[in-house]
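There are two complexes below, and they share chain A, which is joined by chain B in the first and by chain C in the second.
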Partner chain A sequence: MEFANTLIDWLRPDWFLNLVVISDDYNRARYLAGLWMTVKLSVLSIFFSLIIGILGAAVQGAPSRALRVLVGAFVAFFRNTPPLVQLYFFYFAIGTILRITGENGLPQPLISNFGWAIIALSLFAGALNVEIFRAGIEAVPRSTVEAAEALGYTRLQIYRDIVLPLAIRISLPALGTNLVNLVKTTTLAYAIAVPELLYISAQIWSEDLNVREMMNVLLVSYVGLVAILVWVLHRWEKTLRIPGYGE
Partner chain B sequence: MRPTPPVRGHMAVLHLMRIRSDALPLADRMLNVWTFAALMLAFAAVLIAPAFAQVAAPEKRSITAILLEWTPTLAGGFGFNVLISIMSMAIGTILGVGLGVLQVSPIRPIRSVAWLITQFFRNSPWLVLLFYCILLIPFQIEIFGTKIPFPGWIKAVIGLSLPVMAYMSEYMRGAILSIPTGQWESAESLGFSRRQIMTGIILPQTVKRVLPSWMNLYAVLTMATPLVSIIGVSDVMALTRAALSAEGRVDLLIPMYLYILSWFFIYCYPISAVTRLLERKYSVKL
Partner chain C sequence: MNNYIKTAIAAAVAAVIGSSAFADTLQDIKDAGKIVVGVKQDYKPWGYLTSDGELKGLEIDLARDVAKRLGVEVELVPVVASNRMEFLQQGRINLIIATMGDNPQRREVVGMIEPAYYAGGTNVIAPKAAGLNTWEDLRGKDVCALQGSYYNKRVTQLYGPNLVAFAGIPEVSSALQNGSCVAFLYDNTWIESQIASDDQWADYVMPFETEDPQAWAIAVPLDDLDSAYGKQMSEIVTDWHKSGYLLERNAENGIAPSPFLQEQHDKLQ
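Here is the complex of A and B:
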């Protein structure tokens, strides 16, 4: 009975009636600032990771073996080490060395913690994007390329007009999963004190002691953010659909 | 005069195109040896470079010596990470298989609830789930008079097993749905009950289909275990930071972090390499 009471007490949705985040002006402003920071982190990292992915995939199709080896090493390294340790490595190890003398004569970091978070997240997600795009390019049917050749397309035209559009459509589902993961990974920036959603929420709940309410708000916020991204990707997938394939 | 050797493929243009669009050899793509060599080389370079500088200041200990000194402590921490990953994987897999089976249940409400749970845990960040478990699970639970203590690392295991459960559930759903409907129908016509069909016919076949994703998930989970250092469990990451602050030397930062990165790389790389091989082997040929 005791246990059941505890359980009911634990599940009681008092946050539903007592949403400090919404009712209190100061906390609401902070929460919205955190949300905006998370959105900025996500959008910038998505953008740079896509660029890294496209460049990496292009280089992996290059004739030079040395370049391919280099990109392969980059992908293997970033795929198989923990993103948190990568972030620490960039921020604490490299960030400590990359310093400039500020106006007051004291050493100042060259790149802010926000900057390092974007660099680390983009490199991590970018390495996965390289693999995704390469798989997409490889999955374009050989016969399609040969048919284009027979029609007299040049290699650049084939790549630009036939291989890439098809490869993008093929790699969209995997790309979507990775980008959703990237949005979730932005919480790692908490570890280097970037004032994003999780960091701000932790501040709010340690000041106002409303852990349960704030945790629920936090979870719902992230699920909402991810839902928006999934919706956008779904729309994109639908517009790019090739007639006659799939359902 | 020797005859010219025959040219493979009779059209020069086609031949060139083939070279471009041929699948890259596996060795070029994955670079097991090369990546490892590069990592070790970078690691060695940062180790050796300060050693020359130390001729001037002999009272300082060399970085290699410091790393070796800390290795047993860090190894213990890394073992703890592995333990956490194995336990979360075990719990998450068992729950995930159950949830995945519920996701294809013929009863609509069960199906929807299982889908909702899966989507919720799949789309929330791992770190937030960890915080959720750490802050909201009580220190101890009293059931029938016995007090069961809940130390931080057990909460961390629970927190990590939740997303594993959700991913596993999705993989199971995909695998079950990928089995031809004809098998269900023929099993039904032979008089099997739904439970018998599921446990005797469908689930054994899903093992092969889920295995590569499952292994990949384990590698991802292992790489997520340093997160528990943020919530105060003394894993390898927490110990590394403790070691760094104990030594208090700026030139130790890069070697130390590279050292830890290479440990994770050595542990996770073989897993993802085998995953690739299995994916290739079990891939559906069109």
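Here is the complex of A and C:
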């Protein structure tokens, strides 16, 4: 039967060894560079989106109404528009304004496509993180905060030493989902020619005409990357767990 | 490519096409009353969108002529380099007329119709001020390109530019004009017609010798290459050359005279 033969062909180990991303030096180097680029994009955007989330959530609880409105507007804008559109907006609209004159009198962009990808992805995921942390903060029992106030803690101390540590624990599951999403969203950087995994794979399959093979490689790569992230998050969740709290 | 993969892909394709493998595509098209043609919509003046949103250009004329000769309607589907062969394999389109270069690797995937209907080579468009003189000047520089173009690999391996490849020509044009790259690696036919016809390229030049000439072929699904459908397409292209139809449409679309077209026309007289 045709189908069985196909299946057997696919299951052969030498088929795996003959994947162009393994057997061909040129393609392997490119694939690894793409993988590394995706890792860099993911780690940097996760880092900055967490900072944005923590700062944003802190400001949302601030006494200044103007600041709260500002953060609200930021969250609404970045949460309610498609990330691909944001990326195009940054790269092709803002990027056109932010440029310097190079040595031969030609314009040069101030921020590279990689830079814009980090900025756009961090802001997008950051806006969602603000809401996730806010939910966590609001779930911290009011009585806990009052107890800290009674002990003479300042506003900043309460946020840093009591509310945030508890809020992070409560937020972790939702945060994990968002960060996993962020890793997958890095594929959008393809649109502004950041040579990440999807970009490199598309280059390889248009040259070698091996679309199915590269699609499988891509899927496996992302399953692997996300698995690592999920494992780290689970470890973190486990380390932070306070026996008896939230159970 | 490895034989196992080839067998696997061929088997998968055969399984997908399955029942229609022995069917008569030409008859199917006539029965459906329309032929679906994959065309470019960003390759002025071969296939492009007018300000009214209408598809026009040399290849659009060719697609319409194919339909007219078959006595059916034409449906135009915009394609790009990285998806057109997949579309044809999947049966989403019946025919590719989309500035596609003919090469041995692609011949394993789609049915390239002979004779070729056009020919182009590889060059770059760059600002005059960039001061590029030879292909070697590209080494280490950011060079814009289109995702899926056949010359990306060859030029990267020969001259070592850092390719910045986008999905479509508008994105590349914007990136080039923003200075995100020093040049745009593309087909000399497109570059020549742009520099000649569009004011936005007034300060740009095509600085190199055109390399790696490639014939452009229209394509049918691989299984149809030797069927009545493939043979009919081949006859149509031959007639386009012989009758001078291609020369005439080339001029009518404002494209510089093509030595390749003239040569083919003279050969068939």
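The working rule: the second predicted complex is superposed on the first by the 217 of 247 C-alpha atoms of A that agree within 3 Å, B and C clash if a C-alpha of one lies under 4 Å from a C-alpha of the other, contacts with A are read in each partner's own complex, and residues count from 1 in each chain.
Note that in this section contacts are C-beta pairs under 8 Å (C-beta built on N, C-alpha and C of every residue); 3 or more make two chains touch, one makes a residue touch a chain.
What you see is a predicted model; the values in this text were computed from it and never measured.
Comparing chain B with chain C, the partner in contact with more residues of chain A is B. Residue contacts after overlaying the shared chain place A:92 against chain B and chain C alike. In the superposition on chain A, A:203 makes contact with chain C only, while chain B stays out of contact range. With both structures placed on the common chain, the touch criterion links A:193 to chain C but leaves chain B unconnected. When the shared chain is aligned, chain B comes close enough to touch A:77, but chain C does not.
By the touch criterion stated above, A:54 is placed in contact with neither chain B nor chain C. By the document's definition of touching, of the two partners only chain B reaches A:184; chain C does not.
Using the contact criterion defined above for the overlaid structures, shared-chain residue A:113 touches chain C, although it does not reach chain B.
Of the two partner chains, chain C is the only one touched by A:213; chain B is not. In the superposition on chain A, contact of A:104 is made with chain C only, not with chain B.
Overlap of the chain B and chain C interfaces on chain A comprises residues 2-3, 6, 10, 92, 96, 191, 202, 205, 211-212. Chain contact summary for the complex, chain C toward chain A: residues 1-2, 4-5, 7-9, 11-12, 14-15, 81-82, 85-86, 105-106, 108-109, 127, 129-131, 144, 147-150, 152-153, 157, 164-167, 171, 174-175, 178-180, 182. Contact residues of chain A toward chain C in the complex are 2-3, 5-6, 9-10, 12, 14-15, 18, 20, 26, 92, 95-96, 99, 102, 104-109, 113, 191-193, 199, 202-203, 205-213. Chain B makes touch with chain A in their complex at residues 13-14, 17, 19-21, 23-24, 28-32, 34-35, 38-39, 120, 123-129, 131-132, 135-136, 138, 141-143, 219, 222-227, 229-230, 237, 241, 244, 250, 253-254, 256-258, 260-261, 264-265, 268-269, 272.
The residues of chain A lying in touch with chain B in their complex are 2-3, 6, 10, 60-61, 63, 65, 68-69, 72-73, 76-77, 79-86, 88-89, 92-94, 96-97, 134, 138, 142, 145-146, 149, 155, 180, 184-188, 190-191, 198, 202, 205, 211-212, 215, 218-219, 222-223, 226-227, 230.
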